[in-house]
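These are the structures in question, set out in turn.
Both complexes shown next keep subunit A, but they swap its partner, so subunit B is in the first and subunit C is in the second.
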Partner chain A sequence: MNSPFRVIGKSFPRLDARGKVSGKAIYGTDFAMQGMLHGKLVHSTIASGEILSVEIEEALAMPGVYEVVTAADIPAQRYGSFVKDMEVFASKRVNFVGQPVAAVVARTAEEAEAAAKAVRVEYKEQAAVFTTEDAVKADAPLVHPGWQEYKAVPTVKRQGNITNQARLVLGDVDKALKKSDRVFTHRFVTNIVHPGYTEPRAAIAHWADGKQLHVWSNTQLPFEAQATLAEIFKITPSQVRVNVTVIGGGFGGKLRLGVEHYAAAAALKVGRPVKFVSSCEEEMTAALPRQPLVIDLTTGVTKEGKILAKAASILVDTGATSGSGVGVASSVMLMLAGPYKIPNLRLESRSVYTNKTPTGSFRAPAGPQGNFAVESQMDIIADALGIDPLEFRLRNIVREGDLAPNGQKLESVSLEECLLKAADAIGWKDRRPEPGRGKGIACAWWTTTSGSSGVYVKVGPDGQVFLNTGCAEIGTAALTGAAQVLAEALGVELGSIQIVSGDTASTPFDYGAQGSRTAFAVGNACIDAVGKLHQRMKEIAAKQLSAKPEEIEIENGVAKFGDKSLTLKEIAAIAQTSQGGLIAHGTFIAPPTLHDKERTENMVITAINSPSFHAHAVDLSVDAETGEVKIHDYVVVQDVGRAINPTYIEGQIEGGVVQGIGQALSEEIVYENGIVRNPGLTDYKMPTAMDAPNIRSFIVESPSKVGPYGAKGVGEPPVIHPPATIANAIASAVSARIQTLPITAEKIVRTLTEVSETGK
Partner chain B sequence: MTEVQLDLTVNGRRHRLSIPAHYSLLDVLRDELELTGTKTNCLEAECGVCTVVLDGKSVASCTVLAAQCQGRQVATVEGLAEGAALHPLQEAFIEFGAVQCGYCIPGMIMTAKAFLDENPRPTRESVREAIAGTLCRCTGYQKIVDAIMAAAQRLSQQGERA
Partner chain C sequence: MKLEFLAPQTLQDAVTMAKARGGAARFIAGGTDLIIQARKSGAWPEAVINLQQIPGFGEIKGTGPNFSLGSLVTHRQIEREIRFAGALEALRESACVIGGHQVRNVATVGGNLCNASPAADMVPILLCLNAEVALAGSEGRRVVPLANFIEGPRKTVRASDEVMTEIAFAAPAQKFSSTFLKGGRRRAMEISIVAMAGVVSASPDGKMTDVRLAMGAAGPKAIRLTEAEKFLEGKVLSKDVLEETGMLAAAAASPIDDVRASASFRRHLAGVYARRVVELSWNRISELNDDRSAA
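So, the complex of A and B:
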């Protein structure tokens, strides 16, 4: 291969690998401090009601116990992303089973746990609501009776249990549906799934002199944690320092505060460092799982297979707080419209409170839900029209220069290539190779989240380069990717780069490890820093070589003037003795994605930034007797713009697909009257190595104008398509079209029995 | 709290400890010996991040009563490398991109170690079966299987040469 790059495009091992394979990496659960105590939470046992009393005497008298902390110990303060509806401990009322009411601090975690059971909370139980359909009724009990007093961003339109009602409108849907040859309406229902990171959320907090809060945690977003903790404790952000430990997976589940606020509240009261680690049960009942959606989707088509209009009504169940569900309700509309060219749209969504676990931003927050609806229905329509599903997609997909549903102009559109490659790889021509066996395909687009990034790049006198970033490494190796960008641009070897990350006091601001943006944004900030470093190098070299800075050429990290030259290392050594070292502050902010604001109403997310395109295809068999699904082959074609590190891109694809297979086939947090019925890993079934298929990844490189060397976001897309792809293949294999996730063996058998009974 | 005396050898080093009778092997490793390379999560033998090798067999240390490990040999991830030289499994995990967040990796590697000691010439299928008790949420397992297969080959070549 003739790559013009030295470092980009090569599968170097990640820079933090050695510590991780030798057991030396210190994760959040491992971190400890001298004098540290342990905290455990007391949880609400009812779904809705007033707190009458919290009895702590018995708990306080138990062995090892130092303090019991409640809402009375901290400022009365609500916080939240779009609507400020959360509080650290329930103060007056609770609105889901599992909600923290108090915390016990003791010498050991075991003692704290025993004492937490002895805290008696008395409630006056009130009516609760568990489904969005019930919650939007006019006479529904209010999850937050005081909702009108909560502060919220101005974009949202709230009413009772509804935290936002947003719309995306284009053209005239009613007229277009009338003109359509066929109109299809279906309901799709998705499941509530846990991100499933293997390391529970953990934090240690310590107040130095009662005014400076220092937190170590496995958060994905140290700067957001800093800001939220400052808001909660009514101090300034600079009074809070957050250091990120090594993180055992995040997938969006560690974006918002996990246990940092409990640790901080407890540490404030006892005056010593306090550590909190979520138990498995707390993870399953009170973490931040994916929002379940109910999507009613109507599509009008011509008999030739042209989509004329789409209408949808979407209910997003955010659980007891709105969290990022308000964002999901917006971004799902961008998913539901496309990746197709549709002249008429009327998409309406509502994010809604229920008395269940608050939800969060699991990897590609609205992706799998929206894609399951849109791509399932595409197949249903294709079958009804007698058109091959691949062909039906090709007749409607967006191409270079087309407008997205929000009116943004699409560039670097590789969707057709992705679809054709996926179809080819899976052997699409033979779509039903034998009875009980079938193939499925699905496609999507996804955004590369914007937000600002800063890096300090510092070169030591030995030529070692420090990449100092406020972004955390959550496991994806995206910071190794950013380091590859830095090595490429600076003209050094990857091995000479060391990463320092995630310390709000000493690393520059970064919007953080979320939204497929890390390598993209941190990489771009590195390129900016290299430009500045080169300028400094020229100035220093010019002095040494008796030249003008503009006469100096920089090539592979060496400053040259005629036949004289100075290496980066030599320049850094000179800079160290003469001007405080060689360092540059690189920054990046993605340019705004222009779109038509007329089409969007009350949407808090309105654009798809540097969109990536992708298609998945699967070949599977279904055992009609048992409903068991066996995946023979799984193919992913993903446009990454530019592959910075192919091995870790494959890693994102393989991991994302298996996570998506979990959502498709087996995972669901099951509630009964607001109580989680499967609060442990015995009954919450994530795919094991036996369940995971071999996955074949094909990388497409259709460069973006914005990303470093053309890169687009990589991390989230692979989790989007598996539910739809698998649902389509199952329908093709055994004529069971299942529109609710997960598609369990039971559901398949039940559907097949119904089909044969109705003689369809 | 009743304490029991425990005589335990971890990575070749003998420890004589007095521990609460109900402690799990994981508690002893992480809390008493401060060997945090072995990870903690579900505490109910479902996730496998706490896997260590006990007398040659891989076990979920969170559900093994420490008091039952009297006089026994435990191997953890911290004992695999020899000085600066990583074990072939550790090297292969790095080389094949099998490490993402890494939290499952100590358990995976110790599971693989016990498995390969008994099955030096595995198939991909048998590797998948062997590691099915350890969850990995990041990698989708494929590169972990690649790494274990490669390590198996290197280990058996080393064995032949020795």
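So, the complex of A and C:
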């Protein structure tokens, strides 16, 4: 194929590959400083109760110990994304087992750990609540008795344990359900899963003059870390400098503060740099896993298979703090409606506190949960109506120009193509090739998160180009993608670009590596910078070549006037000696996605920006006796708008699918009375290489109007569909319809036994 | 934490060092059980006595019917042992599903037995092979049948100064085959929720004989399924025979409920795997003999 692009669309190796494969890259856990001490946390051992006393004398007397830090050492200040319900150390009461109550600072991590065990905390235990269904009851114990005093964004409607009640309403659902030929109601329940990054959360903090806080950490969002730390310590953001180290994976689990605040609190008290690294157990008990949801979904259809109405009641378990769960409660409604054309909707969602681990924004927050419910039910309905599940979807999906549930007009809609290609690749016509073997399909849309991006693009006198961004590289290679956009637009080779990233003091602001936006937004800021650089090049070249700037033409990085020309390198060298170098500040902010505000109530996330469309299909066998699932083939068709680097898109797809298979089949943080029963990687079962199937990726390019060269967000979508796709294939293989995640062998066998016993 | 690390060069030194420290020292081979347990419980021994530098315990010996495994033989060695390809395949099948590559490269068969986890994957097949373990301690040497060696969860008859030196077994005399199957949530790095090993022989008149079945992870220790074994003696494979075998296996299980699986699911799997192990082993006997005649 003849591509009009030089750099875009090519599978160049990522710019950070060499350091990573040679072991030279310095990760957060590697980072060390002269004179640094180590900190370890003291965790709550109860799920709910008042703190009566914190005895630190014994710990202080232990070898190597410098200080014990508690809530009394830092300003009393609550923080949080939508509701300010978090504190660094529990001050008066604890809300979950594992909540940090104090931190010990010692010469070595081992000494700190030993001393942490010697800190005695006395509690007055109180009633706790562990499920959302219990937590919303009128007489439920309050997870935060003081909730009314917390500050919150004005959009949220709170009551007791409920941190928001949001609705998405369209048409008249009751009337439409009455008119429907069939009405289906099901409950779907999803699991708490951990993002599973390989590197635990790590940070070093140091205070200069007790006023300037400097933090090095493996955060995904240096500017958010800066803002939150400033809020916590009651200083201005510019008094905080955050440097991002190399990051061993984030998947949304490193968006919010991880251990930066503990390091900062400890460093403030001891006056030396302090390092914190989460242990595996802390990761499994006190990190930011995905919210488990209970979704009651009702759908009314005609016998011809047209969806007339959907109603849903959703409970989002955010754990002990609301965190991103308020957002999940909103975005799950966009997932539950779509990607279908439904004239009547009444979706109601509540985010709810329980006395469990606070949850976060794991890759595609709300995506897998919502999709599992909608796409499982689509198959149940199709079967009941005697319509092929693919055909049933094709009768209801959104197409170009349709309105999304929030009333936004959809553009560049490639869903039909994705579905048909996935069906074709998996061999859909033969959906049940043999007993115990079946195929499943599921589709979705997803947003490309907005937020502003700034880059400085600087050209050295040798032609080396520096891409200076406030966005961190979290392992996806998205910044290599942004660099490819820059190389394409500027007319240079990818190899001449060097990335400088993630330093709040020296890099421009970026909303950060989240929400599938990095290559999209940073790439667009690069294009903006190139426009400005070209203008500067024209001005400089005009002077040199005795022309007017508008007479200069720029082609592949060379400024031309008649038969005379100047290269980028030459211009940069001139700029360096004459005007402080060649540099431009490129910026980008996505245009707002217009939608119908009448339809949304109290939603904190209301739109699907530059939506991407995708379909997954799987071919698997189920051993009906052991419940074991064997995946033969897994197909992903994903519309990426424009494939900036096909290899890394495939990387995102394959990684996402495996992560999704974990949520579908094996992963779950299991609680008993608020205590995690599987706080390690022995019993928290992420798929191994042996469990990862053959995954075939097909890329669809239906360009978006906003993204660089038409690109759409890529990173999150692949994790969305596996639970539904696999659930559907299992149901088609052995008629076991499992509506709770994960779909363990045990659940399959139990369901099949029930089916054969009741004859249903 | 202070941990003394001792590296004796001879068996005698190892025993003497252990004896001198009473129960406060622990032998270490691959360390894949010992270190993890100490970290988890915080109960570190005062000293660890490394067995890896003592020569002579790292080999698989014998050409059949008698074999011996040095206690320091790794799961990787067993998994790749050509002498076990064929009728003794279950040894390789047991070894190759232990942990992952990194674990199998260092973890030893002696450690697997001495650790005496109810879910230790090498135990069922070695029980089927009537393996005997040799122990050397300050009181001298002794040989103990594996079935008597493991007493319960993490409990063996081994004295704290006794080193396990080798594991010996003999292959059955008649035409036989073996199978190992295990259940768990993933295909590697998985602690068995039920493990089943079987050795089945064929009598000249084409009946099952000398059937040995052992089950792990379905009770406080791995056990031989003696009821099922007795029942299968002299039987011809049939659906009914397998059905009964499964029921006897399930009845012999005394599993627990835990985060990995419920007791009832474990019992169910015990039945399924017992049936499958017998059926597979039986079918393998004829496959093996077909191969031989072809070669």
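The criterion applied here is as follows: the second predicted complex is superposed on the first by the 760 of 760 C-alpha atoms of A that agree within 3 Å, B and C clash if a C-alpha of one lies under 4 Å from a C-alpha of the other, contacts with A are read in each partner's own complex, and residues count from 1 in each chain.
Quick note on the criterion: contacts are C-beta pairs under 8 Å (C-beta built on N, C-alpha and C of every residue); 3 or more make two chains touch, one makes a residue touch a chain.
Please read these numbers as outputs of a predicted model, since none were measured by experiment.
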item: Which superposed partner A:A114 touches (first subunit B, second subunit C, both, neither); value: second
item: Contacts of A:M690 with subunit B and subunit C, given as first, second, both or neither; value: both
item: First (subunit B), second (subunit C), both or neither touched by A:V88; value: neither
item: Touched partner set for A:F251, first subunit B, second subunit C, both or neither; value: first
item: Partner chain(s) touched by A:I381 [first = subunit B, second = subunit C, both, neither]; value: neither
item: Contacts of A:E625 with subunit B and subunit C, given as first, second, both or neither; value: second
item: Partner chain in contact with A:V69 - subunit B first, subunit C second, else both or neither; value: neither
item: Partner chain(s) touched by A:E650 [first = subunit B, second = subunit C, both, neither]; value: first
item: Which partner, subunit B or subunit C, touches more subunit A residues; value: B
item: A:V670 touches, of subunit B and subunit C: first, second, both or neither?; value: second
item: Common interface residues of subunit A - those touching subunit B in one complex and subunit C in the other; value: 682, 688-690
item: Residues on subunit A engaged by subunit C in the complex (per definition of touch); value: 110, 114, 625-626, 628, 665-666, 670, 677-678, 682-683, 685, 687-691, 744-746, 749-750
item: Residues of subunit B that touch subunit A when the two form their complex; value: 30, 35-44, 46-47, 49, 76-78, 80-81, 86, 90, 93-97, 99-106, 109, 127-129, 131-145
item: Interface residues, subunit C side, partner subunit A - complex; value: 1, 100, 183, 185-191, 259-262, 265, 268-269, 272-273
item: Residues on subunit A engaged by subunit B in the complex (per definition of touch); value: 11, 13-14, 16-27, 29-30, 195-200, 246-251, 277, 279-280, 474-477, 647-648, 650-651, 653-659, 680-682, 686, 688-690, 692, 694-695
